[in-house]
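Shared between the two complexes below is chain A, which has chain B as its partner in the first and chain C in the second.
On to the complex of A and B.
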């Protein structure tokens, strides 16, 4: 089995949200659902510096979809087994089995499983596994004008970019073992940091 | 308050109340003469009404209720599956006992088997319900206050309801009344202490995006109203244990509302360790 994953270059990302929109378009998502979301984490204040005051405001972006975790919190709590990890490593919801209890959404710390009220069951990022099977990459990756997203076997991505999967506002990667590699922005704060806030709550 | 989670608020509180009442009624009649035993089991109709309403409410939580049968698929590995299966087994075993008793078609042996089964299923159901919410990615639920709150509902709301029913059917002995008062009193103290500690503990829980203490608007007011209802309700119920059944039920009703509010707050306190 090849476990695929995403590389997210937060140092390049400008928060343009083309990834979010290309996914929305390709997956035909309604207003309430975004399989990929760009989180803007911002903060800062006036700080005293040798008798004068200067600002240290910061803001940076993290583009997050399903991380197809090694230990998916969503699948662990799912009562129907609809939420499952496939042979190829993608975490998928079988929409013909899901009963729509939304407990996966309670458990996932990345907001990946999203409820479709019209269908009455959960939906989520499937890693565009059909495109991947045909040798293409997920739609979000190809759409990124900054080339800040990359997709491939996670082992290769880790060999190339290291193993970091933590930064605020993401949860600790120890919880679900997400298959992502993050290149931190120069302003990046560590996981668990509370000095900033979500600057775009209505967009995610 | 999590109004949108009303099906789960009703399901959890009603099921816990039903289980507590079921235990108390069975405890009250265990050493009584056969005719009283029969009367006690018939009285359990009102327990199963509660349980049935809870189960009915829980289906409103599903986006695809017609597929509800799939909820059993992960029995063993998913606590939600375990919870749903044991809730149905509890309801079925206790309900069959009641039905056979109503139809006069039961034997002491069968009675005993069904009674033991229903209590075992019920106890496991309560245990599973707690575990459903102990998710390591949900820091506000994955605390000692979840089992404390759930057990407190069984002990306070359940025993109050059970005792009120016993009083109507005149099946309560002075010993069982004394025991009920003691348990409800202890449960009240448990709720008061754990509420104070719980609210303070919320200050220590936060992710980069959310802090637990600001998840529920008007948290302090809601908790205050809930505690006043609880204390007044228990007081009226204690008074009603001497003065009359009506007062007992009125006190219980206030406590039930208080418990529903508290559970609404519980669901409103949902957050994950991330986003």
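On to the complex of A and C.
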């Protein structure tokens, strides 16, 4: 089995959200459904100095979809077996089996599975596995104007870019062993950091 | 531990917030849909037809972001199913083989084409202007009404009473081109029928275009971003390509890739910590809006004091740096150096301490900045168009250029002029629009004044060109693919009041795709085709040293009763008896072939028409590698003089000295021969700050291109309209992140949510421009439309839009 994964270059990401919207267009998602989400993490302080200001402000963006984890929390808790890791490594939900109990949504620390009330079951990023089977990339990857996303066998991505899969505001990669490699932004703070904050909670 | 990421992913909170924020706008939209047919959703259509084979059609996004993007429409059963972008080549930056990738907006084009706001058939207004009440009429009725109005207004007032309002919604098109007005099909139509009152300047660049022309002669160019691979230090004054040049070949992509090659440092000077910064900056220097020229003056003071200026360059290439190159007409001590050192009229040395209280930047940081810019060779100074969109924008834009001049970085690789980045372009023959018999021109910003006091407007008071004064007010407005009729023009409430008088401007015709804020002010609304419904060339693909153009083919049939601008103008020409001259017997496609045949004569190496149509995009690269502005002048100033009166860079401008002596200006306005710091009527030091203590600046927002795409639901969700406010200012006002706030001043009130963020400096708030005006019955906007708060007081020289010079107060909206 080839396990695929995403490389996310947070040093290049400008938070433009083209990945998120190209996915939304291709998958024809409704307004509040985002298979890929772009997190803005910001922080820093201002100090007044005799009418002038000094500051150490920072911000950076991280684009996250489903990480098709080695130990997918969503599949672990799924009572129907609808949420499962396929032989090709993609974690997908069999929408004909899913009963919409939302256990997976509660379990996934990345917010990948999302309930669709209209359909009555869960939905999520499927890694565009059908495109991948035809030799194409997931739609988000080729859409990135900054070339901050890459897709491929995770072993190759790790050989090329290292193994980091952590930065604030993401959860610890120890939880689910996500198949992502993150190139840290110059301002990246470690997972669990509290010096900054998620700056766009309504958008993700 | 497990749920460390959880709280921020609480969808129920975010969804509720969003519904709440859009419900008021939804109420406004309902006014228009009450007279519109229900729109068939593309989702339901997708499911009930028998699928035929999918075809892929090259189209484009032709809006005014400065980029141009190819879109590959995946069409099935006559419907766009999804939108792809350039997939050609290997996307190899090193080998100049770059894919031109559309941004989030282009990728959402489908939801613009199939938008519930789409105009479906011609409409005649039945309520008051702005109310959005219309009645469906036939195309013949619409044409007759327009033609009759043209005939009677021409008879009563003459052709100077016709105005083509600024509109850039389709400026990337060739047939469909909406800007500049003189290059549009409406200009061709009007030029065949006596002409129209022209305008100069634009809402994007009015002040810099006018100001820097005195420094460099004509439009001031800068080095291409690709050239930053040759630099050691990049200084961005209010230049923010990550949010203003998001896509296309990708100017932000070019900047990041080229900077990575040179490993140059980047300093970002801006009141906002922009997305261009966000980890790519080595230093962010927050600065109060309107004070950039003070920072430059203090940097100059340090450079002069510490002998960091390139005296030989200044002596050879510039006029007025010091007394040795000052023109004879100039008084003693009126040179730049004297002004900086305090030997000029104001007797004030422009020290870092002097500038620190003006700019909000500590003096030691100014000194460090000056040394860094002065000692790092080469250094690339760029300015965006944000700081010039202000009350003192002309003179401020000239000041930035001083840093390039003092350091001798002009005309060299890795350097720059201090203007914005330029690009290499592919020349293309455009649609001929013939000559306008009317020579009079006004600033694009003063059309509302020309409605209410046209004949009072003069050359030296209001910047009327081609004549000493206007003879008649504006009586007829064509508003094509533009939202400046209300939304993008300053001071919406003043504009609204002016447009209420139907005896003032008698006829307003809006041609557009959607029921925009501006369309609601029309007397006649004509539904235009989108780019997806017609064929056109998409020009001016800007991408540093890798230009391109696109053949945007017809992807789907025209929706509803909408018609192309070419057909609309041809049909009206027919009623005015000028159809043959207008069309010259050609269809839209025949014009495209005709223009391309002429282009091929200029450049036979281009592929033929059928090949272009098939391949969709034609790319080139700059044969010289990178664009270096004023390189020829730098290498040989005698044989390659600038187009300034002296042929040199004019730090001191005699022309401006003359204008300063002869023009009538409002109190506080300054036109000066030197690029000095001047205050503004609504700046950090205005007495008005007692009432309205916060400076408000606009910015380009990723959810929209100006106002285009402003009605696309998925974009509104992805990048929500919020006002940025520093935690210090928020705390003082009891405002929490995400809370609803009122932003107000003497001109109006806007309500929106607060983004409490350290990414904006204290004392300054920021609101993305372009959100669609959504007033309630009390003229309070509920969608974050910045122009409710901006002023129509024009800048002194260009008579341009000072939309980033505003004072406001902000309060939490009390929750019941």
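One rule holds in what follows: the second predicted complex is superposed on the first by the 197 of 204 C-alpha atoms of A that agree within 3 Å, B and C clash if a C-alpha of one lies under 4 Å from a C-alpha of the other, contacts with A are read in each partner's own complex, and residues count from 1 in each chain.
The rule we apply is simple: contacts are C-beta pairs under 8 Å (C-beta built on N, C-alpha and C of every residue); 3 or more make two chains touch, one makes a residue touch a chain.
Source: prediction; values computed, not measured.
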Partner chain in contact with A:194 - chain B first, chain C second, else both or neither: first
First, second, both or neither for A:143, with chain B first and chain C second: second
More chain A residues in contact [chain B versus chain C]: C
First (chain B), second (chain C), both or neither touched by A:185: second
Chain B versus chain C as contact partner of A:123, first or second or both or neither: neither
First (chain B), second (chain C), both or neither touched by A:77: first
Partner chain(s) touched by A:61 [first = chain B, second = chain C, both, neither]: second
Contacts of A:111 with chain B and chain C, given as first, second, both or neither: both
Which superposed partner A:101 touches (first chain B, second chain C, both, neither): first
Chain A residues contacted in one complex by chain B, in the other by chain C: 39, 109-111, 169-172, 175, 191-192, 198, 204
Parts of chain A lying in touch with chain C, wherever the complex brings them together: 10-18, 20-22, 24-26, 28-29, 31-32, 34, 39, 42-46, 48-49, 51-55, 57-61, 109-111, 114, 142-147, 169-172, 175, 185-188, 191-192, 198-204
Parts of chain C lying in touch with chain A, wherever the complex brings them together: 1-6, 8-11, 13-15, 17-18, 43, 46, 82-83, 85, 87, 91, 101-105, 107-108, 110-111, 242-243, 246-247, 250, 252-253, 256, 273, 275-280, 284, 286, 356-357, 359-363, 365, 702, 713-715, 717-720, 726-728, 738, 755, 757-759, 761-762
Residue numbers on chain B that touch chain A, as the complex places them: 61-65, 67-68, 70-74, 77-81, 84, 132, 135-138, 206-209, 211, 270, 272-275
Footprint of chain B on chain A - complex, ascending: 39, 41, 64, 73, 76-82, 97-103, 106-111, 115, 117, 119-122, 168-172, 175-176, 189, 191-194, 196-198, 204
